[in-house]
Structure formats: structure tokens, C-alpha cells
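Take a look at the structures listed below.
Next come two complexes built around chain A: one with chain B, the other with chain C.
Here is the complex of A and B:
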């Protein structure tokens, strides 16, 4: 090669669409044209449809199952029960305690008993109805407190009904305080209510294995469970991510995966399964309902002296991720506050209620409703401003959590609260101009229930804390394979991971990272499948951190190889070269080669398994460095309440959140909007109503999620205080806005009404006091 | 059963009387763009035009569409160019998981046909039948405002 010449002026701008910008999503065009292939859109010639028979009882023993009539139905190709499961008839994320098809014991309403494959979905459903199951019906155990404390209650699993009890003990258990407030709080069962129902296509393969195209949050954890159920090695059970219509935790557990594979292997034909909305309510776990007792002691000037809490989380019939939800609720149980003396007991229990597991916020949501309600109660008792009492106790960097863990990066609790407080308020309703009022802006809306009379405004604040990534010593990693080669005269990077894009925009962020690290414009995201190492779960706000970290590390290795290669060609030390916008640049800022020329016909590939710094288990007092990172968001809610009818309209919902580094600012704000909306739902409308173990409202007619009329305008303020331990300094974004939204709205309703609201979702009769 | 979908004649055989228009589109005509989030008329993800009127395709029996004109999300773009409503949803970040998007696009298209410059309350009222679980609707409002502005600009002609 010739001697490098100085061409400093031609260095050129950075590659557009890198980290910190907001490029458009690579799957966006397909999503707006209707061509994006979701798991429910898959279709193969000759495929069959699967359907599931579910138990109508929450607690029963199966005496017999008669499939004779179902098998005889025209168009039916297979009817399978527990006897037909070739491997272990058990699955589960952390504890394999759930049958794929119930054998003898039914532990919740909706438990799968038998599956059918037929040539039309209606034929399959009708055949399901022809299966005769003889149940011995039992009285269900539905009270989680009874499950914890009543030793005479029937044990639903070996080892009893307490799945996990986690105590947190710090400081003086006998501490006393000037001012003490008590509270008992309840959180109802929330549903993730993703819009794309559980679905997938299982295709039997020539090698005797199975290919499953599936909407999930974690391909490899599905694969691991399926291998056990099917009795097959991992190389025979191959999963590919189909388009995912939202997740929010509900796709972390298996739903129809094993059933579709069993039917496909049995019939030798592709089998599609797709739940209806009603079946979806029975087909996935929900957010744990919680019963919480809190006692806060403080000095007269508002400094917390102690917090005592008992938190009971109803895990329902099977374990799912209950132990990890317990860990979050316990370790984050006093919130983002400095408290010297803490005693928390958190229980996760088995009952015959629907199984509960992961949902956005994961244990932190429930606790936040408890501790933030208490902070408001304390403010009232002290006659102090609710923001003031919070800032006086605010956690900060260097402070110690109740677990003994020192917060070792930014914890801008005070600043977030002050920022939401400083945002402009919406105009006050004008009582003299009620006739001119737009009904759509009043509680009750176009139902025309008020023209402003009886309407009171309230303002409420809350802040929440969430751990990011998996905790308690879990080996949390992701794998990324990055390839760089010349294609059509340009350098093109390909990023290959098994990490699940569920709508949040991970595919966009992966492209951005590759552009920034490799200085190439074109980045192809290869479809996610189990052909590469695990990407870990799309949960715990962890994918940008962990898979982002893996992609960054793989890009760095690819980059180092390109530079070494360039150094060899140019006879310069690699340490003096860097990549910039497709060019190799020397230490004196001269362009010395183009990346395409260095690559030539070669393909450079690096695969990296990347881990965040280790976390550690908690000891018998709940002490230990269990979490890798904390994240914070604060909300201010403004509500109008019709105090006579108990109707609430959220007028404005504002949020400030620290994200460390806004990798994609538009997507960050989108997460804050969406997370806040789910918190609004829990505050005033969303609950799976369960009585006697039976779900009463499994439909979008009766389970209400916020519409565009329910969701108010939001002001959003994003802080970027870098975490030096995280890639690019980023902090997980997805969950924190769901946590503080709910208690802020309830605080605003209390402020408007004076009602002592101790349960979410708040219902009209809680406000009016009528039965 | 014969009908026209996105300007193309369609004919399907052996339609079972319980099949919805949504099922016929998705499973028989190879047009899965209209979505199946609730299949009971609550979520709006299956919104299509039936003779120019937006309907939930899940609530229309396939047979009811016989000899009628259906337009789905797949029929909004022309000549490989996104419709301004589609472009606005993309540009505004109104698409996350995207499952609600096809129905919202048709509903927004219909709104802007009726009211080219809707106020925010009008947008909210018009889209109240379309559930979205990802976005909190803020960027959907942005998208509708942007699409209205783009349409106004293109109608005003080049300046």
C-alpha cells in the first residue's frame, strides 16, 4: 500500500442512525403494510389446527378421560392426554411443577387436560367438547393468607403452600418513632393483555425433531423445557422467533408450545395453535395479587426511622417466576428511601387461583403501591407536603439498601420528584363555564353523567425503584454473533442473536450499536432463533443492557480484527488506528484506508457471550448484593373525580425517569408512555376478577384496558446520568414507568376526594363509600 | 363466496357459516394483515372497510361480504408507496409491537377522509375503539396529527 496521505478534511460525518439517535425501526414498514408475520399469521399447506380442553374447576381430581367420541370426529387427526407425553409431563421456569397435560390433579380453572388436532379450527374446538372428563370436584384453596398461615389448609404441592418466604432484616427490630402510620393495602390481579394472542406453528422435521415458530420472550428457556417434555436433545428442538404482538411478561412461561409440538410429532403434519382472547386469559400467568401490611415510623421532621412490612403474593397454582417476584417485592419493599431499620417478610404462595408470574414491574409494582401510599399517609400525619417527605428520605448514590447493598451509581430520587413537580400544570376546570365544557374532558365522558358538578381535581406524586437484569446470582448472559463483509461494494454488518424483539425496539437498538461500533451504515438483523447461543429473557428491562452489551462486545472484537488487518496491510501499529464511518483513520486523523478495501472478499465473524457483573444470593436475613442495577422513575398525576358517582378521569400524567443513556430517545419516550398507561390501567380499571378460583371476566368486554380516551397527555423528562458499570452508561427503561404511575394516580384521587383508598384498581364504590 | 378485496376479485369455497370475514381474509385469502386480538369487536385490530364503511371484520360473517367491496390494511399503500397515514405512524414512532397498527391505520384513514383536520378530542373519539397496549397512545396522536398535516400540505399543492 502507498504511504498514507493526510486527508483530514475528508473524515466525514459519523454514520447516521447510531447510538443516541432515533432511527426508524427496521420492521416498521412491514408492520404498517400488514406484511409483518406474527405468530398467528403463519400458514403452511396441509397444516392442522390445535385446540385445548381446559378444566372448568379450580380444584379437582380426574377420575377418567374418555376421548372416544372426539377421536371419531371427521377431520380430527389426534387427541392427546397426559399418557401421550413422551418425556417428563412437567414444565416451569424455575421449578418444573406444572403438568403439560393434567394427569390426576387439577389445580386451577383453565388447566390443560387434553389437546386435539383437526383440519379446521372449529372442528378441533368441537372435538374438544366431545371429550368426557369425570372430575371429583374439591373445595379450592383461594385465600393466600390461609395458604401461608393455616397449617390445616390442604397442601397443593409437595413441600407445602409457601413457595418462598424471604425476610429482610436490617438495623434495630425494636426501633421506635415519634410518628407511626399503619396501612393495609391490596393489589388486584392484573393481566398483561398483549394484543397478539398466544400462537405458533410446530413443524415436524425429517430428522425426527421439531421446528417451532413461536412468539416468546426467551427462545432458549422454551427450548430447555420442551426438550424435557418431548424427551429430545436440543439439536432436535429448534425454535425460531415469529412476530410477537406484545409480551409484558406473559410470554415468559410456556403456553401452547409443548401442545403444538406434541400434536405435530403425533400427526406428522404442521400444527398451528392460536388462542382466542378468552383462552389467552387462561393461557398465561398474570401479575400477582398482593396483600400488604405496612408500618412506617418517622421523626417529627419527617425522617424515616423504621419500616415494617408483610407482603403476601398469591402465586396461584404453579410456581412460574414467583420466587423472583418475591425477591423484588422484598428487596425493593421500602422503596427508594433511606431507612436504617427494616423488617420485611415477603411470601409467595400456592393457591388454586390462576397462576401468576411475570408482568412488567415484577413485584416492584405491588410494593410501590404499599410504600407510596404509606409515604402519603406519613405526609398527612406530619402535615407535610408529599414531595417534601419523599425528598427528605430520598435514596442517593452511596446509600445503603435494606439488603446492605450500596447503591453504586446515580440514584436521582430527589431530582426526579422535583422535575415532575416543576412541570406545567393543566388549566384548572373553570366552574363558571360548565355549559361550554366538552363532555369528553369530564369524568364519565360522553355518558353525560356530569357537566362539572361534583367534580374535584386532585394532584398526586409517586416514585418507584426497580432492579434491572436478573438478580440473586443468576448466570445472566446474552450471546451475539456479528459478521462484517463487503456486499455490493459496501461494508455490511449482520447481527445475530436469539434475543426476542417483542415490540420494544431491540432490533433498532442492535442496529444502532453496530453502526456506532463498526462505522457502517448497513446493519442486517438476522431473525432470532436457537441456532445461536441464548440471548436471555426479554424481561427485567435487561435486553438493551445485556444483549446490547453482547452486540457491543462482538462489534469491538470484529473492529479489532479489521484494525489488525489494516495495520498489517499498512504496516502501522493497530493501536494507532481507529474506524470512522467506513474508513480507517490514523492517530494523526488521516484516512489511511477504506474498510471495504481492508475486508476485500473476507468475512469477519465474532461471537461473544457477554455477562453483566455478578450478583449474589441473599442470606437468611435478606442481606447481599443481589441486584446489578437500580432504576428510578417518578410520576405526577392530575385527576378529575366525580365524587358523587366515583368516576375518575386522569387529566394529565407526567413522568421523569433516569435512563443512564437514551440509546434511542424516541423509543425511550415510547416505553415511558406505554408503561405509564399500564400503570394507569392498574390504578383505575384493570383487574382479573377471581372468585372461588373462577375467573369472571376473561374478555376485553369485561377486562378493561385503557383506550385513547382514558390515557391523558403526558409530559416526559428523560435524565441521562450514566451508570459506569453498564454499556454506554445505560439503565433499563421498560419497567420503571409502570411502577410509579399507579400510586401517583391513586394519590391524586385521594387528594381530590379525601377517600382512604387502599386497593387497586380503585373502583367507584371505593370513592363514594357506597356498598 | 365472491367479493372484491383491495380491488382484486376473490372467490373462496366451502365457507362454513360460522366463519368470520376476518377468518376468510386471514386464513383463506392469504391476507393476514387484519389482526385477531380479541375477535369480539372490542379491540379494533381487525378494522377493514366494507363498502367504504369501517367494520370489525371479526363481527362480520364471511357470507355477509359476498359481492361487496373490502379494503384491508394491505390495500392502503399504492404502487409500493406508503399511504401518508402509514408513513406518519412509522415516522412518529406510533408502532411498537404493531399488532394494533393495521386497525388503527384503517380507522385513522377513515377519520381523515371524514375530517381532514381533526382536533385532539375528535382524534381520541374516533380511535376509542382501537386498543393499543404498547404506546400509551401519545405517539399515535402524534401520527394522526402528522398525517393530517401531510394531507393538508399535499392538497395545498407545491408551494
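Here is the complex of A and C:
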């Protein structure tokens, strides 16, 4: 089935380029010219529009809901509450603990209470406002520390407020050291701020089922949850990927999916839902705010003896992916360093704050701000160069993580740091020349706050570590169906997966893999839907690894069949044949047949379910081989800070990252640029401000993300140290650059100002010291 | 609950429509109005579109002052008037993005009368006058009397802004604005300065640090007196650092900011004193180099 959009999508454009090259994206031109159809462009004649009533209170009990006036509104087709959910009124990625529509308890501001379908979006919104809810308002629990330690705090869920406590214990818990540094750090609540708001179109089908066109990160996990909510089998709940305008983790959980399906099934009409920017801030999970206490002990020559840490992650009202976020923060909590004695306690808790879940680099981002701040503090205490103290403790291949897992592929921590350090520095600002200024290059930018006065330069370094793919024994797989046949005289491969392209370039990489493995020029990427097995989540930097692995494996099987067939025709051993540029080539490099002739009228199809090597759960001491692969990136940040006004301009942000194999070098650099920018946002501006459980800035007026004047040029150094366990030796790319960017920038600001800066995002008054 | 869209073709028709429907909401660039409507924060019965009235997009020299029509966008103001109204042009450059500057107008900024509006500090520092028209006649409202409260102004229900009257710069002018991003940001606080050598006076005003945009009168008087008494208007001698500091402190003293999502009250006060000092030094450096016209 084709996607119902107003413009045609052609992802099968014929572009050359195999693995290791940087062919153009098949969807690139459409996106750049504004013609690409995103989920917000979905359209069917006669469709209705859905709207959502959300709780204004972070904690309340619902006494009653009166929908009379809303139902009576002209143009309204349905008004639904929790009573109208046919299946289980619960969803969630791992823990189904979140009501599709609130029953009697409200746990966060913005929780969905009722939904409306009407013939016009404005009518739907107005009808929503006519629903009368009688709330008994309660005092919200908003302090995550209280959620962990105060047993008298109200339990927001059965089983209490601690969703997961993961201890990591290794070595001697009583180890002592000559030099000890303590620190307490905080990370604010960052938003993914994708540009395409939550949207989708649910179409009721003749068989009583539903077809949902949706921007998501994982079609099959949506499907699984929807089946449960709708009380329908999987063959009745079919999902197709609509154009995704960015994700960064915010589309891992359901948003409007169940609501649109419920309304469509109720009305028998297609229903479209699309959040406004403001609603989007309430419609998806955010990055977990963190409170962290660290203690690092080291010898006088800078060798780490022990690290103790307590990390509290505020999961907000519902579980979402909190348990996995806890696992990352705990297992990666000391960073890419060798430490013999480790004691980490990481907690993920429920509060009445907005639910938090997946965001690029989750768990690792928060911890990195803690451990990298500590490494700088240690360098200060030892009067040692910050890079030196890091390289003295650098993790390397063969070293043991605090979980006992041995790092069994490249871990070039030292090399990455040395490389960013060796990159050329930008010219020093000429402080004496207050006339030769360019506002765009100064802190405060075009707002004209300095012509050089008060500006000091600082340099900071950081390195991070991230696990790639799903961990802790999760059955993490992807499915690919690859077809080869002759079309218009050429051999054409078709790749069919359910893996979500969210802007990262998976469709390009799938084409590249098929070209390389099958030696054909033309590769069509079929639209992703649930008609084929799960592709797994577009998260954890895993799609090129896992879906790429599945496509590669399926291509290999198709290739083997072509070669067997050719061998039969030619009466040659298949083992001596290979495919190249549409030809069958023999061992002595002679072209012995054309693929089109071997295929004739036949279609060869292979479907492969591909898994990475297994991982294992962690025991009660946090020990176990929980992760598939580790990935590393290092940053050097150069900042100019107006120390009197507390304004920052990041002058240069350089990165070195090992990617195992640059499958698509341009896309790799794009990920590094984008990830670094997102880390810059967390360092100096991005925060959802929450007070008393209420979001204070749900708009792009006051939730600021970096512009082109905030994001500086980058020097990027890409290493390719193959991981023998991974397809093509590749290493996940998307998340590592987000992790080290933030602490490197903050380190540079500290260097420029001498301020302590224990919280991100750094605000001007943290630097000026005015309260 | 329909909303009527009135599209007068002439100014007289616009004034007649406003007299007939005093509740009608004028719309110029729409960069504030459409946000309000989209958020359902306002639902006027009538929208009064002023964009068809061509004469509003003109500016002209009107005796001692420049007359900036209510439809003049920030983009054209920057292009045409940066030499004569440097302070207002500097402020205009900091407004939003190119798209917003292509549509947004100073009159719209005045209509909204937000304490964060960037046009206000330079208008205050430059003694602007708002020319309000109604079917009853014309009223000239001095800018200091225009802002009456948070997002409130002195317009009568039947009045429209026809133009803003601003004397061309007779001395150096500056504008600085704090934002936590290096472009496209609503001010945390902003400051406008105009030196008036021809009258020996000083204009100093700020935004986002009081319920309304506000002049720092004591600071203005202090600096004017200091420059006059020391003979510096004529000597163009370097400023006394103590006077610069005092000026900054007096500007800060005039502020009554609050803590909000964009910044703290203490930070705002502090930042105002820094911006006041710096902009004064920049303006004075310009003045010493005679880089600016010294008479109107």
C-alpha cells in the first residue's frame, strides 16, 4: 500500500555509491526543496481531526468528567475517555504503566484525559475546551531525592517510587587514595526538539482493523502496544512509516498513536492528529534530569584508585525507558577510564514531573557531565594537564569495565584525546582591537553586548563512552527482505525492512549495502511498514549495525542463490564466482555471464532475521557482559566568555570519533556535527524549566536551541578501527558526539572564568555570580 | 464565533472601521497577532488588516522629525534609515529572524507594548512621538506617556497608530540586548542610549526590567550634567571612569525587574549596569572621533 500523501515519495532514485562512499540521500532532494511529505502532511478526503484534553495539574484525582457540551458541538463526531478504551488502558515500552487516557489518577501536567474527533482541527480543540473535568488537586511529588529516600512520600505507583536501583560494585569498597575530589552535579531537563511535531493518520479498514500512518522510531513496538490497547491481533493493526521530521528518542514512546486509532475505530472515518509545538512539549518524554554526587580518589601521579558515585535520574510520572537509562548511567558511570575500585548507585525514580525517557546518548550524557567534571577537578587538584590526567587512566582494548566486561575491540581513548588536542587552534582574539570586531563572532552575538570587553578565552576537553545496540540480554534483532529481479533490462534490488528512517540516512546506507553486496546499481527501498518483521528501534546508535547487518545478510543469501544458479548454467563451481557491476565474474577475473541473463524472469527473495551477539543481564553487583559494543568520541571546545555578562560563544568545537567503518563518510560527519550541536545546546541553553511539576517554557520562544550563530565550525577526525564482531567492522555513530560535547564546553567555560559550574545548562548568572 | 476580516483600502476607511468596531484588532505584520490567535489567547470579533493601505509603508522627513509610517517593516527601516536612526536600526537588527523583520513593524511593537519589545528603548531614548489617528482627529502622544502597563498602551479604542515621529540622531546612539542565544532571541533585558549634543541631553532607556519599557531619568540627568559641567560636549575629552560607573549604577537603579523563565531579577539589574557602561563608552568613542553628525 502506498502512503496517502499529497506528494509522491520516490525513495528508489537511482544513485551510484556503495559502502564507504557518500552517495546522495534518496530523500535528500525532496527534503531540501520542501516537497518531502512528513507525517504532518498526511491527508485523506473526509478525514476527521483529533484533539486531546490534557490535565493542567501535575497531581490530581479525577472526580468526574462531563463531556455533554463537547458531544453537542456541531462538527464533533466522537468524544472518548478511559471508559472507551476497548483493551488494556495501559501502555509503555517495557513497563506498561501509563494510561492511554487517565482513569482516576493524574500523575503529570499534560497527561491525556479525553480525546475528540471533529471535522476541523479548530472545532476539535474548541470541543476539548468544553469538556468539564472535576479535579481534586494534590500536592505533587517533584523532588527526585525525596522519591528515593523519603519513605513517607506518597507512592506514585504500586511498588513505590524507585523504578530501578542499579548498584555497580567492583574491587575494594574501602579503598583510600592520596588525592580525593568530590563534586555534586546537576543536569537539567533537555528536550529532543525535533522539528516535525507528533502526527499521524489512522484509517479504519474494511476488515475491522486499522491502518496507521505514523512518524515513529519503531513500528513494531508501537504495534505491540496498540494491539493491547485496542484488543486486536497484530494482523488487524498495521503500521506504515510516514515521513519522520527528526526523533532523537522522543518518538520511542506512543504519543497520539492510540488516540488516533481509537477515534478512527469509533467514528469509522480516517482521523488525523497533529500536535502544536506547545502540545509537543507535553506529548513526548524528555531527557532525564540528573543529580549526581561523585568522589574520585587518585594517586599523586594521577592514577585513579577509586570512584564512588550516586546518580539520581528523575523519570517523572511514568516508566518509559527509565530502566535502560539507569543501566547506561550506572554501567558507564565512571567513563572511559580504568578504575579498579568502583561503587556506583544509580536510581531511576517516579515523580510528578514530566515523564522522561529516551534522548540521544541517554544515561551516558548525564554521567559524562559528572565524571568529566570530576576529571577536570582532579587535574586541578594535581596541577596536571586535563588531557594528561585522562590519558593516564584511559580505557583500552582488553581493559575491564566496572561491570567486569572486558572491552574486546578498539577503545582508542588516548588516541582520540591526543588527536583533538593536536588539531590547530583558532586565532587568538585581539583584545586590544575593539574596532575590528565582528559581532557574529563575539559572545552575545548580533545583540551587540560586547565589542571585546570582558571576553576571555577558554579551552576544555572531554571524552565519552556509549554502548551501541540494546543491552542486558534484550533480544535485539532486525529483519530484512531483499529481492533481486530484472526490470527494464537491468537487475534491480529491492530492500524491505520495517526500520525507521528518521532523518539519519538509513535508507541511503541500505542502498549502499545492497549495491556493494549484490553488485547492482539500482536499489529500491520499499516503504517501511509492519508487513515485514521488526527492524527494531531506531535508537541506541543501532540501525546501521543491526538493520544494516540484516540487509547485508539477506543480500548475501540472495547473492549465493544467484551464484549457485550461474554455476549451474555455466557448469563452474559457485565458490569461484562473484558478483560485480551486474556481471558474474570468475576466479580469473573474466566476465562469464550477466546477472540479468542468469536471473531471466525469475525473482529471488530472501528474508533474514539478524541478531548481534547476545548480551547478558547484570547481577546484584552490576556485574555482567551487558553491552554489545562500546563507542567513543572526544571533543575539544574553545569558547569566548563575556565574564561580566555571563554570555558564551563557542568559537570552535572539534571532535575525534572512532566509527569502526565510515559506511557513508558524509553521513558520519553529519551525525558528529548534529550530535555536537545538541550537546552544545545542553551546555549553554536548552532546558525545560519545571517548577512544582509545571512546565514554564513549552515553546521555542523560551526553549532555545542553537542557531547557526551559536554552532561554530568543527574540525572532525574520523577513525576507522574495525570491530571484528560488527558488520563491516562498523561502530554506532549517532550518540557519542552528543555525550562529550557538553562537558568539553563547560570545561572551557570554567577555564575561561574560573567559575565552578556544576549545573547544565550553564546560565549567564552562574558565570557572573549574581543570584 | 466567526471572526470578521476587515480589509480597508484607505486610511479613512480604516479609521471608520475602527470607530464602528472599537474592539477590532488591527493587524500589521501579524508577527504578534497571529501568535496570539494561534494560541487561542485572543479571539477578536473583527480583525482589521492594515496591510492594503499603501501610505502606511512610507517614511518621510516631517519638519524636525522623521515620520515612520505604521507599515514600515524592520527590514526597510534597517535599509533606509540606519544612518539617521542608528539606535532604532540597531535594535531592529536584533529582532527575531529575517522572516520576522520582513513583516514586523515598529507600530506593531508599540501596539503590543511588551516590556521586551526591542524598539522601545531607542524610541524612549530618542524622544519619539506616536501619531495616533481616529475618526475624531489626530493625537500626538509623547513616547514617555505611551506605555501604561504590562502590554498596555495609551491608545483609545477607536485610535490607530498612523506613524511614529522620531528626531534623526544628532549624536551617537547605541543599543544592546541580552539573550541566552547569539541570535533570534527575546531579550532578557535591553538598553538603548542616545547622546544629544545639540541639546546637551542624554536619552537612556531599557526593556524587560520593569512592567513597561522605561527611561532611566536619573541616569540621563546625571550624565547630561556631567558632560555639560565638565565641558566634554565641546572638548570631547575622554570620559571620567567614575562617571561611567555611576551612570551604569543609576541605570540599574531605575530597574524593577522580576525573576522569570528568561532570567533572574539580580542578573537583569547587573547586566543593565554593564550594558549602560559599555554602550556609553562606545557612543563616546564615536563622538570623540566625530564619526557621527553633530547637528540635526
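The rule is simple: the second predicted complex is superposed on the first by the 755 of 771 C-alpha atoms of A that agree within 3 Å, B and C clash if a C-alpha of one lies under 4 Å from a C-alpha of the other, contacts with A are read in each partner's own complex, and residues count from 1 in each chain.
Everything below uses one rule, namely that a contact is a pair of C-beta atoms (placed from the backbone, for glycine too) under 8 Å apart; a residue touches a chain by one contact, two chains touch by 3 or more.
Values in this document were obtained by computation on a predicted structure and should not be read as measured data.
A.B. asks: Once the structures are superposed on A, label A:400 by its partner contacts, choosing first (chain B), second (chain C), both or neither.
C.D. replies: Neither: A:400 stays clear of chain B and chain C.
A.B. asks: What is the contact status of A:522 with respect to chain B (first) and chain C (second): first, second, both, or neither?
C.D. replies: After superposing on A, A:522 lies clear of both chain B and chain C.
A.B. asks: Please work out whether A:146 is in contact with chain B alone, chain C alone, both, or neither, and reply first, second, both or neither.
C.D. replies: Neither: A:146 stays clear of chain B and chain C.
A.B. asks: I'd like to know which partner A:607 touches here: chain B for first, chain C for second, both or neither.
C.D. replies: A:607 sits against neither chain B nor chain C.
A.B. asks: With both structures superposed, pick whichever of chain B and chain C touches the larger number of chain A residues.
C.D. replies: B
A.B. asks: Can A:768 be said to touch chain B (first), chain C (second), both, or neither?
C.D. replies: second
A.B. asks: By the touch definition at the top of the document, which applies to A:22: first (chain B), second (chain C), both, or neither?
C.D. replies: Touch status of A:22: first partner only.
A.B. asks: Is A:449 in contact with chain B, with chain C, with both, or with neither (first, second, both, neither)?
C.D. replies: In the superposed model, A:449 contacts chain C only, not chain B.
A.B. asks: With both complexes superposed on chain A, which partner does A:713 reach: first (chain B), second (chain C), both or neither?
C.D. replies: The first partner, chain B, only.
A.B. asks: In the superposed arrangement, which partner chain does A:503 touch: chain B (first), chain C (second), both, or neither?
C.D. replies: first
A.B. asks: What is the shared patch of chain A, the residues that chain B and chain C both contact?
C.D. replies: 276, 440, 446, 701, 706-709
A.B. asks: Residue numbers of chain A touching chain C in their complex, please.
C.D. replies: Within the complex, chain A touches chain C at residues 125-126, 276, 278, 440, 443-451, 453-454, 644-647, 649, 684-685, 689, 696-697, 701-702, 704, 706-710, 763-765, 768, 770-771.
A.B. asks: Hey, which residues of chain C end up touching chain A in the complex?
C.D. replies: 1, 38-40, 90, 93-94, 174-188, 261-264, 266-267, 269-271, 274-275, 278, 282
A.B. asks: Report the residues of chain B in contact with chain A in the complex, numbered from low to high.
C.D. replies: Contacts found on chain B: 16, 18-19, 26-27, 30-40, 42-43, 45, 72-74, 76-77, 82, 86-87, 89-91, 93, 95-102, 105, 121, 123-125, 127-141.
A.B. asks: Of all residues in chain A, which touch chain B in the complex?
C.D. replies: 22, 24-25, 27-29, 31-38, 40-41, 43, 120, 122, 192-197, 243-248, 274, 276-277, 438, 440-441, 446, 502-505, 666-667, 669-670, 672-678, 699-701, 705-709, 711, 713-714
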